[in-house]
Amino acid sequence: MNILTLLVLIPVLTMVVVLFTKDYKGARLASAIGMGIELIATVYLVLAYLAARKTGMMHEMLFTSDFMWYPSLNIHFAFGVDGIAVAMIGLTSIVIFAGIFASWELQFLTKEFFVSLILLVTAVYGFFISLDLFTMFLFYELALIPMYLLIGLWGTGPKEKSAMKLTLMLMAGSALIMVGILGLYYNSAPGGGPLTFNIIEISKISIPVAAQRFFFPFAFVGFGILGALFPFHTWSPDGHASAPTAVSMLHAGVLMKLGGYGCFRVAMFLMPQAAQEMAWIFIILTTISVVYGAFSAIWQTDLKFINAYSSVSHCGLVIFALLMMNETAMDGAILQMISHGLMTALFFALIGMIYGRTHTRDIRQMGGLMKVIPFLAVVYMIAGFASLGLPGLSGFVAEMTVFVGSFQHQDMFHRVVTVIVASSIVITAVYILKVVGVLLLGPLKDQHHADLEDAKWYEKLSTVTLVLAVAAIGIAPLWLSDTIVASLKPIVARLAMVIPF
Amino acid sequence: MTGYTYTVFIILIPLVMFLVTGLLGMKWKPIISGLLGTIGMGTSWTLSLITAASYFFGHHAEGFQTIIPFEMKWLQFTDSLIIKMGILLDPISVMMLVVITTISFMVHLYSIGYMHGEVGFQRFYAFLSLFTFSMLGLVIATNIFQMYIFWELVGVSSFLLIGFYYQKPSAVAASKKAFIVTRFADLGFLIGILILSFITGTFDFGKLTEPGTAIFGSAASMSFMGISAMTWAMTLIFIGGAGKSAMFPLHIWLPDAMEGPTPVSALIHAATMVVAGVFLVARMFPVIHFQAPAAQEIIGYVGGFTSLFAAVIAITQYDIKRVLAFSTLSQLGYMMLALGVSGYGGEEGLGYMASMFHLFTHAMFKALLFLGAGSIIHAVHSNNMYDMGGLRKYLPITHITFLIACLTIAGVPFLSGFFSKDEILVAALHHNKLLFAVEFIVAGLTAFYMFRLYFCVFWGKDRHYHHTPHESPLTMTIPLMFLAVASVFAGYLPFTELVTSDKLGFESEMNYMVAVPSVLIGLLGIGLAWILYKKESEVPAKLAKSWGILYTATYNKFYFDEIYLFVTRKIIFNYISRPIAWFDRHIIDAFMVGIGLTTEKVSYKIKGMQSGQLQHYAFAFVAGTLALALSMIYLMM
Amino acid sequence: MFYLFSGIILICSLLSITTRRILRAAVYLLCVLLATAGLYFMLNYQFMAAVQLTLYAGGIVVLIIFSILLTHHISHRFQHPNLTKLIMGIGAATVGIGLVLTTILSHSFQAGTAPELPVDMTVIGNQLLSTGKNGYVLPFELISILLLAAMIAAIVVAKKEKNKNSEI
Amino acid sequence: MIQGIPLEHFLVVSTIMFFIGVCGFIIRRNLITMLMAIELILNSVNINFVVFNRYLYPDQLQGQFFSLFIVGIAAAEASVAIALIINIYRNVKNIEVENVNEMKF
Amino acid sequence: MDLGQFILMRHELLLTVAALAILVAEIFTSEKNKSKLINFALVLFALVTFIGFIPGETGNLFGGSFQSSQLTVFMKNVLNLAVLIVFLQAEGWLRKPENADKISEYFILTLSTLIGMNFMVSAGDFLIFYIGLETATIPIAGLAAFDKYKSESAEAGIKLILSSALSSGILLFGLSMIYGATGSIYFADIATKVAPNALIALGFVFFVSGMGFKISLVPFHFWTADVYEGAPINVTSYLSVVSKGAAAFIFTIVLFTVFKNIVELWKPMIYTLAIATMTIGNLFAMRQNNIKRFLAFSSIAQAGFILLGILGAGELGMTAIVYFVLVYVFTNLGAFGVVAAIHNASGVETISGYNGLYQTNPKLSWLMTISLFSLAGIPPIAGFFGKFFLFTAAAGSGYYILVLIAVLNATISLYYYLLVIKAIFIEKNEQPIPEFRSSNSMRIALVMCITGVLVTGFASGVFEYIRSISKLFLN
């Protein structure tokens, strides 16, 4: 069986098994086993992919399979992965694995929780392996919807409102995407012949420029909303703040990446001319995103808000780098997606664990936690360091690749904005250290916190998985970076064919 | 390939120590970590010495070769922009290896005694190892990006060590400040690297510093805001260096960094990390000198100003570690200045050589001073000079070694500081009379404040100590003694032959025109301190009063901390971050929510349409039909 | 003659929607229907006219009058119509009349060229029972279903509940 | 055509009648009178069909038959409507249309 | 014409026979055994539905008055299926004592309207079309007033019959214009003679508004909410699904065949109506608390989406509409089924009454959720496919902005569907609707709905089949 089909099937089967479990213990065990198998399958996929590339398989996509679904509209189940998709799948597997363990103690409607969570993940897998715009869109929307219940039922704070805001804003985004992909579809055969949703096939022709100009903003902004593109990012702080731990992890860690991934795989890859022409607008927006998100984070006092704004900033960097449209910067963008995915998941996991102990997320009410919960505190610090770009952790690799890549741009404008964007590393340091300083260091603020328990085994498992991943990328980035770059070549080549305006 | 492959272990050992103590340390008795770390460091030290010996005293007929015993690709950006991890051996890096491992080893050893019984002993050793690893990685970097990577790691280890007493708010604040200020400077460094790599397409020091290289071909035509690209690049890189080396105005973190344990101050904030900036400039020296002379000017002036500025402040401080910290600043200013006034090649490169020389000697005696100070603090449990006095009786070894260090830094002849400082003054005299004058004065000031410190602490009246101060244990005094010896004899190393700008040795003569006056002014400073502080007297207080505002300003470090606080707290937090956060919640988010609310409001507003009245419906029906018909017939056709 | 009928139609229909006595309204309606039948006679469509007379004038109006009697006192007078609705109604009617009349009057009708079909009962009868084109047996059957259904519907609605006593 | 009266005149009458019916439907307060207004409307439609048939397309009887069926359906409609009106009357004791607005918004 | 050709009319004939059989059975059942009629009718109708699916010949009868093609047969099958589900859902309600003496009437009235609809779908001339339309409407007024001692029900009946009379008056006026302009009532004849002139435009607009009433397009929709709210739930679901679906079918057929020559004329009009319908429907649905009224407005908004398919003006548009209606049948009946089940068990029909439903009736909650998500067009439920194809059809004609507006409207609709889901899952309630078990036939109906909703999208064969028969039909 095709490994990619397996990737989607495992979570589906897991859901079924979870549905038949009796109590919360069974449900979480089943989920953990399922996601564990998924993780193994992912590792297998990565190895198989690398092996296949090594043996010289030069196709853009590997492990492709193609089933006709709606013949009359030329809709297929077309699957396949390149290095980028493999990397994103890897990210997803790690985050969900950690996410399951981060919600180990959840006992309210556990079965439903895990089913929704795994449904969401299934959709994410589907999205990343899709080569057909239709199925891609299908999985995209599918990924958004369990979110409402996940936040609304298991969340905290003004959860209904946040869940609603998040769902609606993202669905509005998908409205734009819908227009975008329909536009692509109807322009996919300018020379006559059958229309197609297939990304690879569309990428072989060039969409008429007028159509590109019209549809590019739709597709780009549509995906951009999920990628927290300024000024459409406001769902993110509320949504993440209200979501339960695993959902925040998954949403910020993986789902937001759907946005960035879609931005380049659909909008930019398929409409290169328009992308070139309009890049500057979005570059300005993302520049604002990066700096603005970081500045906003400084002022926040809710841990999740801090992290959400930090995500705005980091995800802004993703799209920023994509728009630079050279190999290095885009490589950086993908690395940043993965890196941000891992570390933000780690952050949210930790925030959830801390919240579970102190019952507050307000940093003003906590302090000196290093003393009482050293394990969590140290891991939090590691996450913080990853976030502010400490070498040896993934954030550094990603950010540097972005900056170097962006700065190689021949245009002065691009270099100037790169400098502005690079300044975010200082602002990031400010808020990360502020949090670390207030939350973990210093004297213990609230005496009630004096006898908190440090991490349990499942919490350790959850966080250590993520830390290892973060560190692995940070220490040995070359294989990942090379894999991504190899897959980026056709995309960049297509973007570069166009002479910039 | 070249027989230097074992140098890998110099850097790997600390890394392994870090990982081992960091992950497993908590399960051991604390002392095991200390011993393990010290032994590991000792091994590294030995290896470094072997390396230095074989490098410097091996055959080098045509000057010293740059040797790269190990290199691997770490991350590839483009075809030519590749980050490699490797080891580069050339005179300055080998010298730095020796300096770092020596001081680090001493500090490891010293800390066994100093940190005895502290909570987090293992953590301390883990961080020390991490720091040493990073610092070593920095100096042996084969390319500027590798350097940047370790540069950042050094920064973070410094952060961790300053904040070692993490439950002390002041320590936390200091560590934060240190990190953020240096981070800000690193941004400059990073952008500098970006510009440099954009122009040259390479990170490799080998290619960048090769004399007469063609990679800057296109640089001349590039400029931004009227300043040439290379000047930008080098100035920005210098900003990075200035941050680490605490050059004015980025110096503010260093005095606060004294919140860390004293051995840390000795290792990081006196001997090794703070010279990273100097090292960076030295590493990039050919590029700066040939491609960005304007930047070199800046370096010279910044160095000069910092040394004067810091020396003036040092006079008024009474925290023993702070005095040393400002002294460090001042000395770092010296080194920077020396690089700023240096030429390239042979005699011309005197400043370069002098800078490295001073770096080396300074490392020894400043580490000694700090460790000595640590010994004192260990004895009296206070940092305040005025809590001390007459300690020479209680701490004989500390006293002697501290005196040697003070004499060395004051530039007393035949001690190492004399030689290196003298070379700097000579170099300055040749290139820039103004800077020479400044340094000349600073030499006097240095002698004065050091001896002010010395006399205050070891002479004068006894204070009321909680318990009788006693000499520190052997683990602490051995390093003191070793470093004292090093401080005395380091000046006799043939630096002019070993560490030069073009890697070719040259002969240099003692310039008595400079040496004699500088010795005199040094003695003047000592004499003045003798008069004022040997015995407790009212004179210093009166003098201080007579200077009035100027004294207060100096005492308060010219209010730079306050300015920074104002900029960060008020401007960044209150006037940028807060409005942005507000804007996000109340404008952007409110707008998005507003769309929803408006829809809902509209929904309520129009509910009257569905009045329940059949005839209203009928009217709507008819009116709708007619409107459609009207528009269809008269608009469409 | 035409203008007489037209006059009756227009005036009576106007009256039937304005009069404040409901029974009179029914009577005016009857007049309209009768006058319409007159028009059909004039057009030579006797069968149509007859149906109009019997079914419409005879059936529906009688039904209406019955229901009026069931639900009203004969002397019942309405209140004046609601002003808003009056404006709505008159406005809609005016605009509508204007629009439709301009359209109709500006249209040039093309008379069919095919020969005229004599309108007598045999033709009507044949067509009503014919199954080909222009045969109306299918609608005829269908309407019978409709009538049956309508009857049942009316019964369902109107019939008394067994265990409940209602006033009628 | 017939007696020299042009087609348009019939149409004018039927149109006015139609809209009088519409107007009546909107303004009358009583359900039965509204029903009467409906009858006016249907009647005017019938005239249209018949007249078109007679004047323009006398080759077939489509218009006439259409009218015929309309009359039949009108009867059915009226009967159901009246049944419903009586039902309303039983429920609310009058048949003012303005009272029939329990459900709204 | 030979009798064998009656096979073309098999649906109509079978239904008539069924209706008569029920009538006869009613006469021969004793008072006590009236409720057995329900079983009889259900089995009978299931049989009819099943027979309807047997493929048969296609062709025209009565000189073109009656047209039968695979597409119309399919449409009729869809309607039959929907009615079968409605019947199954109505079973519990009919068994209530207050309805004991109206059982056969319910079936007969429903079946006769279904016959009307079938004729309407097969109509080849405007006369059949019109009579079919009326047959499909007038008896429903009786059904709407079925709970005749509830004033809401009576009100629903009168509102329905009077507005429908007005609308058919206007529709007829339009038809008379068209007859005057083209000289025929046969679709085939008119199609060749229709030309873009003012009179035809006028007649056409009147025709559209008459049809708009049936499909409840804005501004012809006002009756919908009141009638849906007042009528018994099973009648409401019948109205909202079967009646609307049939109207949408015939409307599409007429526009695509009869008025295809003036397509450029009606596109802008449909465009406007589509926007108005979606938007107004959504805006009103947003703040409803009565679930029936809520679904009424939601179904208005859904009608707006159907118009997008009409704008597709071609094979794809036709396919998308038929497909959408099929999906809509399952989806909406699923939702109404849950509403009916809950109403039968507890009498609750407000959204706030559903608070905390999940605690007690998780299965129904999921059913409702899936149905609502399907209405909102969330994948991988069939509703998503239905909407997607409609949008694809509209986009195929270049109406991208309209598609955008439509999808944004779908987002608004998601908002209010989520409100219901929120009530069910999230809102706390001290006394939620107690746990209950609905009748078997209701269960069967719901299973049918949920299967349909979950399977239709994945089984592309359905879509492809509709596409092939639409192709046949339009060429």
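What to note about this one:
By letter and in written order, the chains are A, B, C, D and E; residue numbering begins at 1 in each of them.
Just so we're on the same page, contacts are C-beta pairs under 8 Å (C-beta built on N, C-alpha and C of every residue); 3 or more make two chains touch, one makes a residue touch a chain.
This is a predicted model, so every value here is computed, not measured.
Chains touching both chain D and chain E: B, C. Chain centres computed from CA atoms place C at the largest separation from chain B.
Centrality by C-alpha centroid: the chain sitting nearest the overall protein C-alpha mean is A. The chain pair B-D and the chain pair A-B differ in C-beta contact count, and the higher one is A-B.
Most remote chain with respect to chain A, judged by CA-atom centres, is C. If each chain is reduced to the centroid of its CA atoms, chain A and chain E end up 42 Å from each other.
Chain centres here are Cα averages; for chain B and chain E they lie 77 Å apart. If each chain is reduced to the centroid of its CA atoms, chain B and chain C end up 101 Å from each other. As a whole-number value, the distance joining the C-alpha centres of chain C and chain E reads 30 Å. Counting only residues that touch two or more partner chains, chain E has 127, 131, 134, 138-139, 141-142, 145, 148-149, 157-159, 162, 166, 170, 177, 180, 183, 197-198, 202, 225-226, 415.
Residue positions of chain D with contacts to 2 or more other chains are 18, 21-22, 25-27, 34-35, 56-57, 62, 65, 69, 73, 76-77, 80, 83-85, 87, 98, 100-104. Those residues of chain C in touch with two or more other chains are numbered 85, 88-89, 92, 96, 99-100, 103-104, 109, 112, 134, 136, 139, 143, 146, 150, 153-155, 157. By the document's touch criterion, interfaces exist between A-B, A-E, B-C, B-D, B-E, C-D, C-E, D-E.
Those residues of chain A lying in contact with chain B across their complex are 165, 168-169, 231-235, 237-238, 292, 295-296, 298-300, 309, 327-328, 331, 368, 370-371, 385, 388-392, 396-397, 400-401, 403-405, 407-408, 412, 415, 418-419, 422-423, 425-426, 429-430, 433-434, 437, 440-444, 476-478, 481-482, 485. In the complex of the two chains, the chain D residues touching chain C come out as 2-3, 5, 7-13, 15-30, 32-33, 35-37, 39-40, 43, 46-47, 50-51, 54-62, 64-65, 67-69, 71-80, 82-87, 89-90, 94-95, 98.
Of all residues in chain B, those touching chain E in their complex are 596, 599-600, 602-604, 606-607, 609-610, 612, 614, 616-618, 620-625, 628-629, 631-633, 636-637.
Partner chain D is touched in their complex by these residues of chain B: 607-608, 610-615, 618-619, 622. The residues of chain E lying in touch with chain B in their complex are 158-159, 162-163, 166-167, 170, 196-198, 201-202, 204-206, 208-209, 213, 218-220, 222-223, 225-226, 265, 268-269, 272-273, 280, 283-284, 286-287, 412, 415.
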